[in-house]
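Chain nomenclature is as follows: A, B, C and D, assigned in order of appearance, with residue numbering initiated at 1 for each chain independently.
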Amino acid sequence: MTFPTPLTGVVPPVCTPLTPDRGVDVRSLVRLVDHLVEAGVDGLFVLGSSSEAAYLTDDQRRLVVETVVGHVAGALPVLAGAIDMTTPRVLDHVRSVSAAGADAVVVTAPFYTRTHPSEIARHFRLVASGSPVPVIAYDLPASVHSKLPPGLVLELAADGVLAGLKDSSGDLASFRAVVTGAREHPGIGGFSVLTGSELLVDSALALGADGAVPGLANVDPHGYVRLDRFCRTGDWGRARAEQERLCVLFGMVAAGDPIRMGGSSAGLGAFKAALYLRGVIACPATADPQIPLSEDEVERVGKFLAGAGLL
Amino acid sequence: MTFPTPLTGVVPPVCTPLTPDRGVDVRSLVRLVDHLVEAGVDGLFVLGSSSEAAYLTDDQRRLVVETVVGHVAGALPVLAGAIDMTTPRVLDHVRSVSAAGADAVVVTAPFYTRTHPSEIARHFRLVASGSPVPVIAYDLPASVHSKLPPGLVLELAADGVLAGLKDSSGDLASFRAVVTGAREHPGIGGFSVLTGSELLVDSALALGADGAVPGLANVDPHGYVRLDRFCRTGDWGRARAEQERLCVLFGMVAAGDPIRMGGSSAGLGAFKAALYLRGVIACPATADPQIPLSEDEVERVGKFLAGAGLL
Amino acid sequence: MTFPTPLTGVVPPVCTPLTPDRGVDVRSLVRLVDHLVEAGVDGLFVLGSSSEAAYLTDDQRRLVVETVVGHVAGALPVLAGAIDMTTPRVLDHVRSVSAAGADAVVVTAPFYTRTHPSEIARHFRLVASGSPVPVIAYDLPASVHSKLPPGLVLELAADGVLAGLKDSSGDLASFRAVVTGAREHPGIGGFSVLTGSELLVDSALALGADGAVPGLANVDPHGYVRLDRFCRTGDWGRARAEQERLCVLFGMVAAGDPIRMGGSSAGLGAFKAALYLRGVIACPATADPQIPLSEDEVERVGKFLAGAGLL
Amino acid sequence: MTFPTPLTGVVPPVCTPLTPDRGVDVRSLVRLVDHLVEAGVDGLFVLGSSSEAAYLTDDQRRLVVETVVGHVAGALPVLAGAIDMTTPRVLDHVRSVSAAGADAVVVTAPFYTRTHPSEIARHFRLVASGSPVPVIAYDLPASVHSKLPPGLVLELAADGVLAGLKDSSGDLASFRAVVTGAREHPGIGGFSVLTGSELLVDSALALGADGAVPGLANVDPHGYVRLDRFCRTGDWGRARAEQERLCVLFGMVAAGDPIRMGGSSAGLGAFKAALYLRGVIACPATADPQIPLSEDEVERVGKFLAGAGLL
């Protein structure tokens, strides 16, 4: 389908259900997509952080895109991450996911290497010139270890290099600079400014963001769709109440013991445990080398679901 | 060939010569290997940081290993990096480079993801159990954003998971803990402790390291072979003089303007410019999105070579 | 005066005007206080980051508190920073500023030392037990290099250790956790949750914050007072417009050349240049070793003022 | 006394013994100084990190300098830290410790503030121009959060601003650049390059350092004096054996449980427990808010002492 300009609304970063032996569970993935689409989301983002893209092999990545694109069949736009260290490797993924039908690619700055701001700009320009589909910048300093400056994002937007920004930096002031900058720049039109936050969707939409890409929307897509609708109609009181409810639900990411596992394990493990407990996916396994949640920890996730009326 | 236990001496991390359009320049790569082997190095490490592994596509990585392994034909051990974000992706590279003939693989902790120490241990155990060749841990905090604790390295060595360590952390005190720990632990034998430093090879060998993997050995392999021999014979005065000479030569990595480019661009650009000026490779190009050295900056590299009598 | 529970509204962190030879310019300080009070601010915070507390000697700090407390004479509450590395040194400042009449002290976690979370908790407990006035926690990771976890803040609030939080972390999601946590915790009453952001005051107040401590309020106190009033009356459209106007004005902090000076120099230099150009203070000097703005840079600050109708 | 040019040998950073109620224990401090001087050390450094300078009030700092300077009475040089955030506050300490008789001051780059390299240079120039005694730069990135570049140190040395460097960065390659740069620069004479490492004293002296400032020398000054003498006579084999013995002893800094306390608490707590167990000081207390070692942990420290024959 044609990529919307701008893309707006709720665009969940789709989890990648795995089998007990860590293959992609295609049937669960299809069920998860149905679960999201039926809740009324506005797009799907596969191969992002919540999708465990960093853990999936190239074959698995291709299978995920083909499965989701094939299943939604143009009903809504599918964005795909092209997550790798540098330009040539990213371009390989861009070719692969766009061939598999992705409507746009989501790309970070180079990581692992020590990269200068001018090289980050060059990276996005080279990726865009080699991509058959629009390029969304993915700002994720916790993983990439550099922050995309708003000025750079706006410059690349004005030059037609970038079609949007997915901002998971946690820095709402910097995000606001892109939102207002994109709105006021005469040469920028149709640019999508999306927040990756689960916890500040109302704040982001209130200051003018186009949409949200919250990992927790896997677990409660109806909640985020409601939140988005409240914001669009200016019902800020109910938006805030819905957002605060989702903040409480998000507490599940701390169910895993931080003495025993990392943040990825705990957060992704909780989302998958919740999807498993809700009957959406068949197995809560996360990819290696992540430590799985214990039975007790899964039970704690269940309590968050029960508290939110989702069980 | 059988991987030496331990591997000792000078093991250059082999640069990857590129053509002007950023393909692997196989003829230059072969000439570079000859340049190193003829200087008397003890092994070769391909697909490391100095090889621009982070910038090479999977096809290019395979071509590099096949070329080098085919050319040296068992005359000396070839180690290959299997550099990727997490266990499943690293295992794909391990299978690929070992099928192409690498005698050992060099593997970092997970990066991009937020990984707990227990997950790092699990990562190395899973990689080793899936690898047909010995696994060397690669400690590179500047890229990986975590440091391998000496205690973990020694535990994995004692359990037969790791066959060695390539330490590019710059933390010689931590390195020393591995060197003396490996020497004194009854269950550890044949473990290779290698420094990735260009500037402290004499210090590392004096405190008991097995060898060195200095990027600058691409440019001056004879210098590092001499330095290694001085250290082995306890001629510390001449070792220090040779090391100090090489420290001056290493100054070339600052030829690139830090206002204009990143550390990778400047360092790798200087090594490749030097190999080009010395007539070893046909083109000094570095991979995208790195900024190339200017003519003036290449000239500055030339002055370092001239000062060292290498032109 | 009695410290309000909670303190709400606009509480500017008062700049410290200096003479050309870097003494405290008491007359300018009094004029600045008048400028703020007349604009309708709700409290004053002296000896914070915008006050250059880190650069002021103990004698200068005392003079600042005495001057401001003496001048406002109880008309509105005066908070004073007690900024130092560890508990015993902080307690010396607490005694000094409270003796000089401060109504509350503002205290960071220990810095310079490597401090464990349990030691941060112990620090605040010891400071509070030694302080004759309420203690506000100051979360400033850019300076302190640790982040106060919301759970710790709420625990210390519930125990009566902390009377408020000034959050300059830039992490609005974490800030929200304190705001909602303090509201819902039965044992917490009158706790002041204040944002240190210049750019997200509308967002912070919309999610329930009590007030704001924006450095830019030195330059345009009327703007922040208007913004606060719009938020309190639920006029979110005009609040957003006012906030966006202040965001543009805040652009002045980039007037100083980042190649030539640090962020403190550029930001504080711009605020003081603006106060000087507006005729509030007699000299725009910042403390040593900060690099002063050039004439051209001061002129750029002037353009921001002109654009905002403040000249 | 006149400050030696260069200062060489072992210069322990003297611990500050405290009473159970956290006052300076002057009698224990004098005993500790005697313990060090009788072992043959070449100088004393008070008010550094191992002295808990960050935790001492200004009154306590003054008492420490007066006590130590008074007791050694010119028999060996006394360096004193002037540790604070910025130039004006550092200058207050410089005046205080030099008035109390310190022969040189030890000064870090600014911290807490966001400081540009040019401001770091300006800081040292201003401090030196206001100091009646020589200024030694203190490179401690773990506390200061910036690293002193070798080029800057050498520039300041050549201009007569700095009389030496105490390098606790852990970056021996950067340290080497200062050592060889100072040796070869025609305008630099008598500059003291001192390592702050406990674990690499042999390496540092082998590459040309003037001396060492190891915190562990409080516990085993005889060991470090022996090590220094072996290095000076070129007896590298015995030097390495002595250094490795001291590395084992240094393991005591891990006696404190990292789940329960920070690195400062564990390291300083271990040194003080060891001095207490050896009968040098009357009480092992560390300053607030550090968590004290438990009885079990103190017992573990004792085992390290026993293993080294120091009980």
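As a working rule, a contact is a pair of C-beta atoms (placed from the backbone, for glycine too) under 8 Å apart; a residue touches a chain by one contact, two chains touch by 3 or more.
The chain list, named the UniProt way, goes like this: A, B, C, D = Dihydrodipicolinate synthase family protein.
Given the structure is predicted, the values throughout are model-derived calculations rather than measurements.
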Chain D and chain B - chains in contact with each: none
Longest centre-to-centre distance from chain D, chain (CA-based): A
Chain A and chain C, separation of their C-alpha mean positions in angstrom: 35
Between chain B and chain C, centroid-to-centroid distance (C-alpha), Å: 49
Set of all touching chain pairs, with the criterion as stated earlier: A-B, A-C, B-D, C-D
Residue ranges of chain B touching chain D (in the complex, touch as defined): 170-173, 176-177, 180, 197, 199-200, 202-203, 206-207, 236, 240, 244, 247
Residue ranges of chain D in contact with chain C within the complex: 22, 54-58, 60, 83, 85-89, 92, 110-116, 118-120, 122-123, 126, 142-145, 260-265, 287-291
